[in-house]
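Before we start, here is the structure in question, set down as structure tokens.
Labels for the chains are A, B, C, D and E, by order of writing; each one numbers its residues from 1.
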Amino acid sequence: MSSDASSASSGDKSETSSVDIRGLSRTFDGRTVIDDLDLTIAKGEFVALLGHSGCGKSTLLRILAGLDDEISGEVIVPARRSAAFQSPRLMPWLRVWRNVVLGLPGRANRDRALATRYLAEVGIEERAGVWPKTLSGGEAQRVSLARALVREPELLLLDEPFGALDALTRVNAQRLVGELWQRHGCSILLVTHDVEEALLLADRVLVMDAGGIAHEVTVDLPRPRALGSPEFVSLRSRLLGWLGVHDASASETPLERISS
Amino acid sequence: MSSDASSASSGDKSETSSVDIRGLSRTFDGRTVIDDLDLTIAKGEFVALLGHSGCGKSTLLRILAGLDDEISGEVIVPARRSAAFQSPRLMPWLRVWRNVVLGLPGRANRDRALATRYLAEVGIEERAGVWPKTLSGGEAQRVSLARALVREPELLLLDEPFGALDALTRVNAQRLVGELWQRHGCSILLVTHDVEEALLLADRVLVMDAGGIAHEVTVDLPRPRALGSPEFVSLRSRLLGWLGVHDASASETPLERISS
Amino acid sequence: GGAAGAASSSPQVTLTVGDQAKSLQTLLNASGVLKGTSYKVKWAEFEGAAPLFQAVQAGAADTSYAADLPTLQAQSGGVPVKGVAALHNDGSSTGIVVQKNSSVKTVSDLKGKNVVVSSARGSIAEYLLANALQQAGLKYSDVHVQYLLPTQAQAAFTAGKIEAWATFGTYKAAVVDQGARQIVDGTGGRVSGYGFIGAADKALADQGKKAAIKDFLGRLDKALTWSGTHQDAYAQAIEKATGAKAAVAQLIVKQGYGELVPITPAVTKTVQNVADTMHGIKILDPNVNVADSVDTSLFAK
Amino acid sequence: MSVKEYAAPGAVPPKPTAQAAAPPDTRLTIRPARRARRIPRLPRAVRRAIGPVGLLVAWYLGSVTGVLPENVLASPVDVVRQAIELTSSGELPRAIAASGRRAATGFVIGAAIALALSLTAGLFRLGEDVVDASMGMFRAIPWVGLIPLFIVWFGIDETPKIALVALGVTYPLYFNIYGGIRSADSQLVEAARMLGLGRIALIRYVILPSALPGALVGLRYALSTAWLALVFGEQINADAGIGYLMSNAEQYFRTDVIVLCLAVYAILGLLCDFVVRLLSKRLLSWRASFDGDGA
Amino acid sequence: MSVKEYAAPGAVPPKPTAQAAAPPDTRLTIRPARRARRIPRLPRAVRRAIGPVGLLVAWYLGSVTGVLPENVLASPVDVVRQAIELTSSGELPRAIAASGRRAATGFVIGAAIALALSLTAGLFRLGEDVVDASMGMFRAIPWVGLIPLFIVWFGIDETPKIALVALGVTYPLYFNIYGGIRSADSQLVEAARMLGLGRIALIRYVILPSALPGALVGLRYALSTAWLALVFGEQINADAGIGYLMSNAEQYFRTDVIVLCLAVYAILGLLCDFVVRLLSKRLLSWRASFDGDGA
């Protein structure tokens, strides 16, 4: 890994910001995916990131995770980060519970009780002892989420962590993330395709396009938030508009377009 | 593959039904995941399958696809099937377009124009010539969808094919599937976690639970369907109730539970 | 096979001559004696006696060329081969050497020592060791014999890893050159000095081949005679054919077999003694009846 | 980067000529797995014995009919007789024990070297450049040519024999472990880094498990190489061992003993294979991979 | 199967003692890749030459200081002199050409056999049972012991030499291709079946590409084996070839020629490796796998 600790680099904003990105660019084989992007995430802030498929969300997360250094620009992130990737990326040769606590320091990486507690949180404690290959799609995604949550980071990077979950499981997982965030005060960057999810959870919602942050909206609704409130509905429709679903009326979900 | 053509087995219902399942069971290491399940899908019917994560939806699809024969019970399916799996399962050593037309008979498996047409349908024709490893999550899912659609099957099995897509891309992909279905008259079994998606697209919505079809509802709303119609809203709330999101009022989405 | 006369004049006969390290081939080509044969000579080259006899056994070579002991070993092992002519030298090429500062001065001093024998079990060097010990009044079991291939033993000897080495030819010459002491050599009848040209039973049964072998032996005799009178030309031929250095080539010429002799009862008796000695130390088992393992009808002087 | 507008619906080709015209109404029955319904199959062990036993029979027939001449490949009957004789005299068990000791020691040393080298080459680019190029070169050098050097360095006792085994074992293990490390899924490596695994933990929990399938292939090859290296090793001043037994028999044209040694090698090979199979089954139970058709 | 109610929120451990206490405010700068900023590195070819060149230097120093005795390992100077001489006389090029022809023919035959066998064993359970067990057994049989049999079957001309090469090449290729086939991802095999790929297409588009990384490891090993087998093969009635040159030099005591042959083998090994590297780069460009740290 080519990221080095550098206390000097925590400049003027360091006391309040968790992530500082200045002029970040990333090019794949001549295709610029991230183009001179600036972004600051405050300490303890919950930021949601929306954007079309292929617009560079995962790329941005990988850079913040320190996994991609073929970049230009300046990126400052907390040392203690944790991520749930878009695909579960479980180690197939470790039992589910070992996957959850893998990488925890010291004896904790053998702490089955700890792993089981988090697996219970995502509703699959009874699968703690099996091989990952036997998990269903949603189960694997939940293990991956548990693995990200167990390590109490300062910055939590979540790449569509609820995509493969059914309605009930998803609600529970969202609530779990919300609670952990409030309890530990970490910063969260959540990539999602669900506008309502973004608005329910985040302090700020960003829309990525053309390699940068094209739109940004601060959600200063009080928590817990109600889907039906007029502010919520108008925010949703604004975001959907930015995402290209222009003809969705305030009371419609994007799907309605199918019937138009 | 252990499925043999057997014209004798197409019994009394064969003229009208596409899929016939009688008393199907599947057990993994003593855990019964599918338990004496009966299901008939008519020719040209569009069936959506809902259910909690890990309830056996993908297992059922794998059986219908002929990929799992450690079953008991009787399963009759059309010879010409096609599937988009929950994970994209692209061959990493074939360019994107080769993946799309892979397996088509004769010269068609080299027909780049055909592949590109379908890739254009899902909005990624410009990525036709790259290696799958460079695709984003949503891009890979769309390639997988294009690969399933290109072969014009009699039974199309779709396992959460829109899960990783943003709102706009998803609307377009849904429309594409709907159109192809109407044009070719194939039967479709669509696994989804999105209740609205199920209600917008399907003739019939099934809810799987405890290894069988626990609930079933026929959606005889006219197409195109409107999300806002009272029948739609009441169907949605019934389905959400079956899925365990009991306190969702008719006008709320499941997410609202977070705020309660 | 057909009638002797018809076969011997038939151009169809191909004689596959077994050879070790191109020795015969070089000699016969250099002396030019093979011109005008009525049969075709094909060479079968091998690294040592064992693979050569394997080829004879497998029917891939018609004749063999080896010292007395390897030939006896092959016959003892059931290889269908008979000696048809004997080769002779003075035995000086075989010897036992020790490190220059060794306390071993005579054969009797070897008692209780490790002695390395090259090339292998049942080689002439081993016979020399056995015979020398016997003459010195020792039992064969008074020394501890170790077997090493010559290249390996040479490396070990040079590196001082072995004290006494029963060896032969260029290997011996090389270490003696560097100061090693020879405590005994094969002269004076300590080794028989005999080698054999052998013929496969199958070849002998084929009249055409038998005639060819007979003719070949005559030419080989001439070639050996030539080598005695044209030592320099012969040495140069060896250098050219094998890449050996001049000194080595000269040594080969000097120590090589100098004449072809018929297998007379005297030869048979000498070689039988060798066989008996080796049988006595359980190196040659079963023993070979030499008189029964030769065919004296092909070569006489 | 802007999202393109999708092609108009009409652009979907109305009838892509792609699909072969299977009769539109054909339906199949998915049959429950055969094993549940047919007569139980031959047990695995029996089926795996088909090959070796078949070869044995072929050998016997070849000997009887004279296709395999007696003086080149002794008949099974002779070989069995010889086996009984050498076993009761204790020579064969002693040889196997001596060779086994050498093979085991050499194997352990070689495996340790191979692991160290392949980790160096697999984990560091510089290590790769320096080690891997040298290994490719070394491997190509015939070690029979190096035996004199071995003798100079290691003497003529046990050490050079063990060193030869170690040398023979190192290459297949090195190449396969190195190849295995380099085929580790980069996504998993990334995940592990994100989880904060240090270098040691990364090796232990990600790199080595990834390399395991390859390493087991190498192990299979290396185990038989360990025995084979002794065919040459035991020509160096040995007085026991199967290699010694065999080269000795070669010297004396004892085809029955030679073939007995070959048979012992074959049996040892089968045993080693069996061990590797067991090991693979245990160590790779996490794997979801192609395991051949039912046929 | 019913979905369990989730644990009550309070059950989340308030402070799992898991995380090491890194100072809570530590932040890092993700630095752009070094290659973009530092002095350009040594080119790859130069770095890969470090190992071989280093060994050359060690050899030279060893010869000069007497650590490597002259009569065991000739000095580089002598070897170079010999190389020039034998090259100008045409003997060395002729030897390489002769060995190369044999190695190439044998390699092609061996590779074809290995491919056929590994496909049989990899694709069919019955094939696995019969072929794989036999291969494990055959591999363990020392082929030096089989040379007499080879002579009976193939005579003493070119055929036994080529057969030896083929035999040596078959095993590493077989083991690695078979291992590769068996590590094919079952998810991809399923996908391919679903797409209606027939058996041939399955092999061509799924099984063989999956086995490719393993096969390339085997190829690397097999290519050097091809040359090495000739060290023995060319002891049987050869009059050209590097193996012949070497054993001849052994007979006549030419350590300089021996070492020259070893050097030629080493260079051939490097060349073969280079070819396999190129091939890997081309054939595996689709792969996203671990390629070592930047170090």
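The definition used in the following text is that a contact is a pair of C-beta atoms (placed from the backbone, for glycine too) under 8 Å apart; a residue touches a chain by one contact, two chains touch by 3 or more.
Predicted, not measured: the structure shown is a model, and the values here were computed from it.
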| item | value |
| --- | --- |
| Contact distance in steps, from chain B to chain C | 2 |
| Touching both chain A and chain C (chains) | D, E |
| Top chain pair, ranked by number of contacting C-beta pairs | D-E |
| Proportion of interface numbers common to chain A and chain B (over half same, under half different) | same |
| Cα-centroid distance, chain D relative to chain E, in whole angstrom | 14 |
| Chain centre separation in whole Å, for chain D relative to chain A (CA means) | 45 |
| Geometric centre distance via CA averages, chain B-chain A, whole Å | 27 |
| Where chain A touches two or more other chains at once, by residue number | 52, 54, 66, 87, 105, 151, 168-169, 175, 244 |
| Residues of chain D touching at least two other chains | 3, 69, 72, 148-149, 152, 187, 250, 287-288, 294 |
| For chain C, residues contacting two or more additional chains | 54, 57-58, 151, 154-155, 158-159 |
| Chain pairs that touch, as defined at the top of this document | A-B, A-D, A-E, B-D, B-E, C-D, C-E, D-E |
| Touch list for chain B against partner chain E, complex | 1, 33, 52, 54-56, 62, 65-67, 81-83, 85, 87, 89, 91-94, 102-103, 105, 109, 131-133, 147, 151, 209-211, 244 |
| Residues on chain D engaged by chain C in the complex (per definition of touch) | 69, 71-72, 147-149, 151-152, 155-156, 235-237, 247-248, 250-254 |
| Sites on chain A touched by chain B in the complex | 28, 50-54, 57-59, 86-87, 124, 134-139, 142, 159-160, 163-171, 174-175, 178, 193, 195-197, 200, 223-228, 240, 243-245, 251-260 |
| Chain B to chain D touching residues, read off their complex | 2-7, 9-10, 14, 18, 63-64, 66, 69-80, 101, 104-106, 108, 111, 114, 117, 120-121, 123, 126, 150-154, 168-169, 172, 175-176, 179-180, 183 |
| Sites on chain D touched by chain E in the complex | 44, 47-52, 54-55, 68-69, 72-73, 122-134, 136-142, 144-146, 148-149, 152, 171-172, 175-176, 178-179, 181-187, 189, 207, 210, 213-214, 216-217, 220-221, 224, 227-228, 231, 243, 246, 250, 255, 258, 261-262, 265-270, 272-273, 287-295 |
